[in-house]
Structure formats: C-alpha cells, structure tokens
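Okay, structure first, notes after.
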C-alpha cells in the first residue's frame, strides 16, 4: 500500500502530520482531481514525512459502501461514484463513441494478450487490422505502444493504458474478466501454426491481402 | 434543510429508498456534477418519495471535519476542498538556477575573508556590490551578519553559515583551498577579464557575456 | 468435391437456407476465420470437439455455393478454401511414408485452437464491454479543482564555481593584456614589412630563407615562426603581384624575385 516508507530517524527530524490529517489531505487531493492520482504525486504534495499509502488504506475503508468509492487504477487512485447509482447520473453521461466490432475485438485482444504485435492480433482475428482501428484506440488513449519485440524486424507491441483500466473499472490488467480461465485453458498462449517456420511468409502474405486500407 | 416535503399520502404509495441510500445518492450526484446542484434538482433525479434535503443534512454532517466539505453556493450545493488544505492544490516545481557571477564572487570573498565588511568586499572585487546580491545570499542562508567591526562607523561584517558549509561539503571555511593550491591543481582560470577595472555597469554586461563558462 | 456437394445437399432445408443466408451476408464476415467460426456453430458441439474435417467440407461447400451463385469472394476466402481442401485430403488419405511437414492432425488441431481462441476473445470482448463503465455507469469528479503550479527558483553553485570565482578575483592583478606570449612569434605583418623593404634590392632569384630576420634562425621555435611568417608574407606579395615564387621540386628551397612589371589581373 505504501511505496514510500521513511527512515524512522528521518521521521523524527520532520514532524509528520497525524494520520487523520494525512487522510484528510489524501481525500482532498483525490476529490479535486477527475483523473487518478498516483501515490507518488500525493506524497510529493503532502508535507514531508507523510505516508500517502497508509492514509489511502484508511480512506478506502471509510468510503466503503458510500455513494462514492475509492478505487485503484494501476498505480493511481481515484474517487468514482458507486456503479449502482449510475441511473442518477443521466445528466452527466457522456456520449460514448460507438466502437466497431473490429475495434472492440482488437481492444480485447490487446488487453488479454498484451504486449501484442499487430501481426499477432491479425493471427488471432484471422484478418488484417486496419490502421484506422489501431489509430482510434490510440486516440481514445485506451492503448499505447509497448516495448518493441526482440524478434526480427523489432515490431512494436501494444498494451492497454491506465485510461483503459479506469474506464472499465479495473485495478489492473490481471483483473480482466475470465483472464485466469483463459490462461489456464491455454487460450492466451502464443501457439504458432504447426510448421510455421516454412509457412510464415505465406501467413504474412495472407494478412496483407486483406488489408482494409 | 428540506425544501420539498411530500404529502404523506403520496409517500405511502411509493416506497422511498432508506435514508442511508438517499444519502449515498446525494453524495454521488454532488460528486459527479460539474456545477453546484440545487435540492430541487437532486430531488428530481432521485427516486420518488426521496427527501433530498434531509439526506443532504445527514451528508453535510458526515463530511464535517473531513478533507472536503459540503458547502452551499447560492441555492445550490457542492463539495469543496476544506479551506485549510488549499495548500495541497498547488504543485511546486523547483527550478535550479546558477548563481550569478556577482553573487558567487561575493560569496567567495566572504568565505575566504570572513568576517568581512561590504567595503572590503568591494575593494577585493574592484566593483561595488549591489544590495540585491547581499540580500540574495542572506536569503539563501549562505551568509549571515557577523560582529560589527570596531572601526569608525562600526560597519557590519558578513560570515558564512553552517548551511553554506553543508552545501559545499566543508567542515569549516578554513578547509577552502588556497590560491597556491588552486594553481597547483590547475584550477586557476588564467583568462584575463577585459575591462576588469571599469565601472560596474560595464562589468555586468561583460559578466553576462561570460556567464556560460 | 462431389462428396462435399452431396453433404451439402443432404443437409436439411433449414440448414441450406441458413447457408444461403450466410452467402448473401458474406460481406458481414470478418474474414475466413470468422466464417469458419459461424459454420462451426452448426455442428452444435463444443469447439474442442469440433470435427475439422466436417468443417472443412462445410466451408468448401459454402465456397462452391457462392461460386454457383456468382458471388465474388475475397481472395483470402479462396486461399483458405485451398488450404482446407489440402487439409481435407491429408486427413482422408493415410500419410505417405517419409512425408515432411506437420501432420494433418496437428494442422486440424491448430485450426480448432484458432477457432476456440477467436471465440474466447469475442466472449471476453463482450464481457469487457458489459462492465460498468466510466462516464456511463460510474462517474469521475465533475467539479475538478485546478492544481496551481508554483514555480520556485532555487539558486545553486558548486564549490568549484566559488573557488574559481575567488581565484579569478585574486589573480586579476597578475593578468596581462589579452595576448599570449609574443616574444617568440614573428607575425606575417612583421615579415611583410621586412620583405617590402628588402624586395626592391633583390633583382634575381633569392632563397626565401635569406629573408629571415637576423638571429631568429638560431632557435628552432623562433626559426619556425619566422619561416612560416616569411612564407605567408611571400604568398601575399605574390598575390599582390610584387614578386614571383619558384620551387624546382617538392621540398626544394623556395626562391623569390621581384616582379618588374605588375601582373595584369
């Protein structure tokens, strides 16, 4: 919970505010922000010697069962209204951009298989992924570029963002629905086509034939 | 607190949610709204039979002393950061800047000659020392006032502080290397200073030219 | 193909109607794998237990139907058809001894895996989209408070900066005017002055070295400086048309003489 334990000797030098005060501070910082705030950023803004992580743990308990919840998004935290009260918020509802089936599937594949290359997405879907689909997901800031794969051609990989986690109310990609079962069933393995070594050229050719651009 | 009492007969027709539920609703509505919300608006959005005013009163009490407060803005209500925590709403960025040539020379003279009067500093530097330079060094707590010199006019003297020694990793000002040592170590910059004898106005311009060394 | 056709014909009326609906809607498929997945549903079994042979036959029959109806299929559907025809023949015929490459069973198993994986991803995508979502089911803070950025300047200096500053002040008196040591330097201007005065008296080829100032040839450092300056000056004089320069071969002594008539330029 806490990523910034202080040396006890240092603690004695700087009088940290009482924990209840730190909890108020974390509460105020998180309330003021629409975006998730990292523990590190809270810590930076709080007086020296504060332990944002510990304060957060208390705060989270305090908001259990309330109209707003404290949720963890990746390494950051945010207040979000309780999902069961969504019906009250029609006024606040933002128009959701309708995603194409291709975009939704591509997003799911990136989330479950990340980091994943475009060729791998195409392998799974059996069709070429159009540039527009990837662009749309990048633009929505639901995916971003990960590390390059250390294979010939060093292809880029895609991974999901904190914005994605935030949007779908996930603490981390490990919490994706059914991911454990899928992994156990071997469905997230990168299983190459038997004899793919000889036929790889062929495979690429196929997906290129279908390029929608 | 409540501006919308319902007819008890009507109330019995529709099962109103429990008050704790209503409080959650008010909390979520106020949290998510971009603007302060009136009791009437809340009431309109909540299930029939709810009493937004009463729920609000409970909610307000709940947030007393917390990091955010429930405040009335005109006729409407909103969450606001507790006034004493306003300092958290700023992010401090520290910019490091190199000390000006005049300041560093003055500092050097004080360190090597302490306790030293302003007139002595000027004599050594060969130019007047501006008040701002001394003030800056005082403010940084690298120099402080020493004893007054027992000469006519009893001028103040300047000495370096513990903070100065700390910053430069010195145990005492006596640890500063002498000119001979500097020369031996090749630290003496034998570049002449054009117009070194000229008046300060000129000097400033030239030292700026030199700043990047 | 006869077998496939018969199989196609043997299927029930409703299945044939469904297959025709598929063909009409072929644009709606996202590639051959998607079509295969849809066809596999007609087998009404778990994807793990799917008969790839039957699926291949269904697919080939579908492609034949499309051809009969003169519906143009995208190339990758035809590539898949060719691959499935190959797979089908491999599944039906006993393997030839010494045959290379993956077995037909491995290929079939991989196809089944691909279908199952695609199906699983679709299911996952649906579950994901059905989750409570930000801005639809749960909401962020509406009234965001801006975080003011406060810029604070902190001045700093290193010990070296300070020591050098002090050294600069203390040694200022020792500084000479801006010049490096010129005692051993013979400048081109010096050489020009010297040569201009001498050139008029020298009517014939004279070695350049004889123009060096007296005494400078003794010390190597001074000789180098004087030679360089004199040579540079001679080039300058030649350029101006006052003298001519001659050198019989590389590294041979250089000789100069005054030009009688100024060169036309």
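Letters are used for the chains, namely A, B and C, taken in the order the chains are written, and counting of residues starts over at 1 for each.
Following the convention adopted for this analysis, a contact is a pair of C-beta atoms (placed from the backbone, for glycine too) under 8 Å apart; a residue touches a chain by one contact, two chains touch by 3 or more.
Since the model is a prediction, treat every value here as computed from it, not as a measurement.
Peer 1: Make each chain a node and each touching pair an edge, then name the shape: line, ring, star, complete, other.
Peer 2: Its topology is that of a complete graph.
Peer 1: Which chain has its C-alpha centroid farthest away from the centroid of chain C?
Peer 2: B
Peer 1: Going by C-alpha centres, which chain is most central here?
Peer 2: Answer for the innermost chain: A.
Peer 1: Between chain B and chain C, what distance separates the C-alpha centroids? Give it in angstrom.
Peer 2: Measuring from centre to centre gives 44 Å for this pair.
Peer 1: Cα centroid separation between chain A and chain C, in whole Å?
Peer 2: Once rounded, the distance between the two centres reads 29 Å.
Peer 1: I'd like to verify one number: the distance from the centre of chain A to the centre of chain B, where each centre is the average of its C-alpha atoms, in whole angstrom.
Peer 2: Each chain reduced to its C-alpha mean, chain A and chain B end up 34 Å apart.
Peer 1: Can you pull out the residues of chain B that are in contact with at least two other chains?
Peer 2: Chain B, residues with two or more chain partners: 28, 31-34, 79, 81, 89-91.
Peer 1: At least two other chains touched by the same residue of chain C: list those residues.
Peer 2: 139-142, 145, 147, in rising order.
Peer 1: Note which residues of chain C are touching chain A in the complex, please.
Peer 2: Within the complex, chain C contacts chain A at residues 30-34, 74-76, 79, 101-103, 106-107, 109-110, 113-114, 116-118, 120-125, 127-129, 131-142, 144-145, 147.
Peer 1: Taking the complex as given, what residues does chain A use to touch chain B?
Peer 2: 23-29, 31-32, 44-46, 65-68, 79, 81-82, 85, 88-92
Peer 1: Can you list the residues on chain C that touch chain B in the complex?
Peer 2: Residues in contact with chain B: 139-143, 145-172, 175-178.
Peer 1: Given the complex with chain C, which residues does chain A contribute to the contact?
Peer 2: 31-35, 78-83, 85-86, 89, 92-94, 96, 101-102, 104-105, 107-109, 111-112, 124-127, 166-170, 176-179, 182, 185, 187, 191, 193-195, 198, 206, 209-210
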